[in-house]
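Note that the chains are named A, B, C, D, E and F in the order they appear, and that numbering of residues resets to 1 at the start of each chain.
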Amino acid sequence: MVYVSRKEHFNAAHKLTNPAWSREKNLEIFGPCANENWHGHNYDLIVTVKGDPDPETGFVIDLKKLSTLIRTSVIDQVDHKNLNLDVPFMQGKMASTENLAMEIWKILAPGIAKLSSRSTLHSIRLFETPRNYVEYFGE
Amino acid sequence: MVYVSRKEHFNAAHKLTNPAWSREKNLEIFGPCANENWHGHNYDLIVTVKGDPDPETGFVIDLKKLSTLIRTSVIDQVDHKNLNLDVPFMQGKMASTENLAMEIWKILAPGIAKLSSRSTLHSIRLFETPRNYVEYFGE
Amino acid sequence: MVYVSRKEHFNAAHKLTNPAWSREKNLEIFGPCANENWHGHNYDLIVTVKGDPDPETGFVIDLKKLSTLIRTSVIDQVDHKNLNLDVPFMQGKMASTENLAMEIWKILAPGIAKLSSRSTLHSIRLFETPRNYVEYFGE
Amino acid sequence: MVYVSRKEHFNAAHKLTNPAWSREKNLEIFGPCANENWHGHNYDLIVTVKGDPDPETGFVIDLKKLSTLIRTSVIDQVDHKNLNLDVPFMQGKMASTENLAMEIWKILAPGIAKLSSRSTLHSIRLFETPRNYVEYFGE
Amino acid sequence: MVYVSRKEHFNAAHKLTNPAWSREKNLEIFGPCANENWHGHNYDLIVTVKGDPDPETGFVIDLKKLSTLIRTSVIDQVDHKNLNLDVPFMQGKMASTENLAMEIWKILAPGIAKLSSRSTLHSIRLFETPRNYVEYFGE
Amino acid sequence: MVYVSRKEHFNAAHKLTNPAWSREKNLEIFGPCANENWHGHNYDLIVTVKGDPDPETGFVIDLKKLSTLIRTSVIDQVDHKNLNLDVPFMQGKMASTENLAMEIWKILAPGIAKLSSRSTLHSIRLFETPRNYVEYFGE
């Protein structure tokens, strides 16, 4: 079993506000992350896949195909977008890095299974900034 | 003459749209950077000051004071903000990295002169992403 | 279960010497790390917390509160300090990165439990240099 | 149990071609990685060892000795070399990052056991580029 | 005048050998860089353009167009290639980072002039490794 | 004229105190940098040399020889040392990054001239932390 990782990135706007709360409570809980007119980040996304290398290629998974899958199924939906307003799979959810990582897992897990029978998604690591990041293992 | 640099960072939303142009022309020229609902970045700002070190301190400028100046006069105005809507000094200007760097120069140059008689602002380097950045030397 | 990480940093001096050994043996075992007059590092500290995101905030833990906890309970005790002479929790211990990481775990684990009932400390990752680092999971 | 990591690097040329396949099939599967005249990378290698710190030194393992072991048993065999032509332990294998990481494990595991009775090899992390890397845990 | 930079990267194989010299002299002068079967690098290329921002766009140069120009005129010729054997503009030259940077200047300077009448090429910065790099300003 | 740079690093302890001042004044001016028992840093040193590439080698300067010169004449004097107590060329000077960079210039400029008649020292860039650095051009 070898773990293979690919890093991609995207830029997006978001804000953190719970619509069930007053403006005051949102500012109290989320501070400047609740600023009404949005802010944004350069997100780094690391997708890790695990499996047994194919003896014919030496690959667990073809990283060019994995990169294409991440770009077409995730990056194209979030890059240069507003996570709260423009991204269907984030509707009705807080636009936190935690929730974003869990939704990206749901999108990529079946795509990776289809891409290669010998590999499965292991983790989603998502950096909101170089100092804040989350990791999700699917459970 | 020694050049001393300090790196700070901020997160902000923006979009690139020229209000004199049609929606179509804005999308043609700016591509996804013109997306109506904004996107954003983790900006890195490097401020370089030049001068002759003070023999009593060994410093061209006290970097803690320089950091405080950058934070109070620049970062507090842009961090977790929308560069187009929330930032007074960007009103009426395209929210490009070039324009942002030139405006930051205008703010910091007099503040640095006041902070230390032996140093002057040399350059503003501003990273929009790790792969795109601008530098401005005041002229 | 999502894993959330926050990176902080501090600068400190230290040396590696076992007081039970002769000067010669210390230099033989620790080499230049035993130099009598100290040396130092820019340490990077990554604290990882795990838990289930709160549906009301989307957060496993509020990263601003986690950052404040790390700064007040750890960074303030070690930053711009001498790990051998100035840091109470390192008294009587070798000032190795391994021991420092284990002591930081002991300080942070109860604080994080108090900060949020839905999260627990998962790991302490401590970089002494960009090429040397340790990780501790509490057992 | 503490996990201690050391990063080393090397530069090498390689190509990906399966000798059982036609030139066309190799180009179809491996794309530019199959270019006949080779290409190359700056590889980063992170070796992680786990164990219980020695109370006399505070170390799981002496990182200078670990660095020397990695250099003499791995780096000297691959640095400024052609992975397909010059490296005995890669003969008859696809020169993929996956296979390279697994072979490095086989070389280092017994050497680390000899170096220190209190530590064992935990993982080999190998970056082919800053965006593509693999990790192997020995099984 | 604002300076705008774009970073791209490519992977290539090369070796350093002067065909006028004996094998022994090549090894004496170039050491392992002269290894017969090549080695390689992940090169980082930073292209800096200077000019006056266009008031209608806020741009010195459209960075997407600059990126496309760099990729089509430089990266496509060197990426996953052998600098000594496969790259027409390096024929008859030592494959040093210095020479490569000067040749890239010759290719990009006229292309950038064509791309935008308000900007000119300022510098080529080329990293062979994170620790070795060159910069060329066209004269 | 091509500019060639080499990055090296060292770890050292220091403190900032002016012996002509009271303890109170030192703490007021230097803050925690004046802590009596020292603190320390991982310094990154970038040495830039300029010249015309030698047509026989393609080199402005042999980077292995430059690296050896930096190590033997600078790094060996400061690595794992106390800049205030152990380093002859810093005696009687404030141990600021500015002063350290200027002293390193004085050591390296003649050594580089001796190493290669076609190159001269252009600049010393010295990072005290990833966010604070100085640059010196010899005048």
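Just so we're on the same page, a contact is a pair of C-beta atoms (placed from the backbone, for glycine too) under 8 Å apart; a residue touches a chain by one contact, two chains touch by 3 or more.
Keep in mind that this is a model prediction, so the values were computed, not measured.
Note on connectivity: the fewest chain-to-chain touch steps from chain A to chain E number 2. Following the contact convention of this document, B, C is the list of chains adjacent to both chain A and chain F. Using the average of C-alpha coordinates as each chain's centre, A ends up farthest from chain F.
Annotation: 28 Å between the Cα-based centres of chain B and chain F. Between the Cα centres of chain B and chain D there is a gap of 42 Å.
Shared interface positions of chain E, defined as residues touching 2 or more other chains, are 130.
According to the touch criterion at the top of this document, the contacting chain pairs are A-B, A-C, A-D, B-E, B-F, C-D, C-F, D-E, E-F. Every residue of chain D that touches chain C in the complex is listed here, in rising order: 1-8, 48, 53, 55-60, 62-64.
The residues of chain D lying in touch with chain A in their complex are 16, 18, 20, 29-31, 93-99, 101-102, 130-137, 139. Those residues of chain D whose C-beta lies close enough to touch chain E in the complex are 9, 11-14, 32-33, 35, 37-42, 79-82, 85-86, 129-130.
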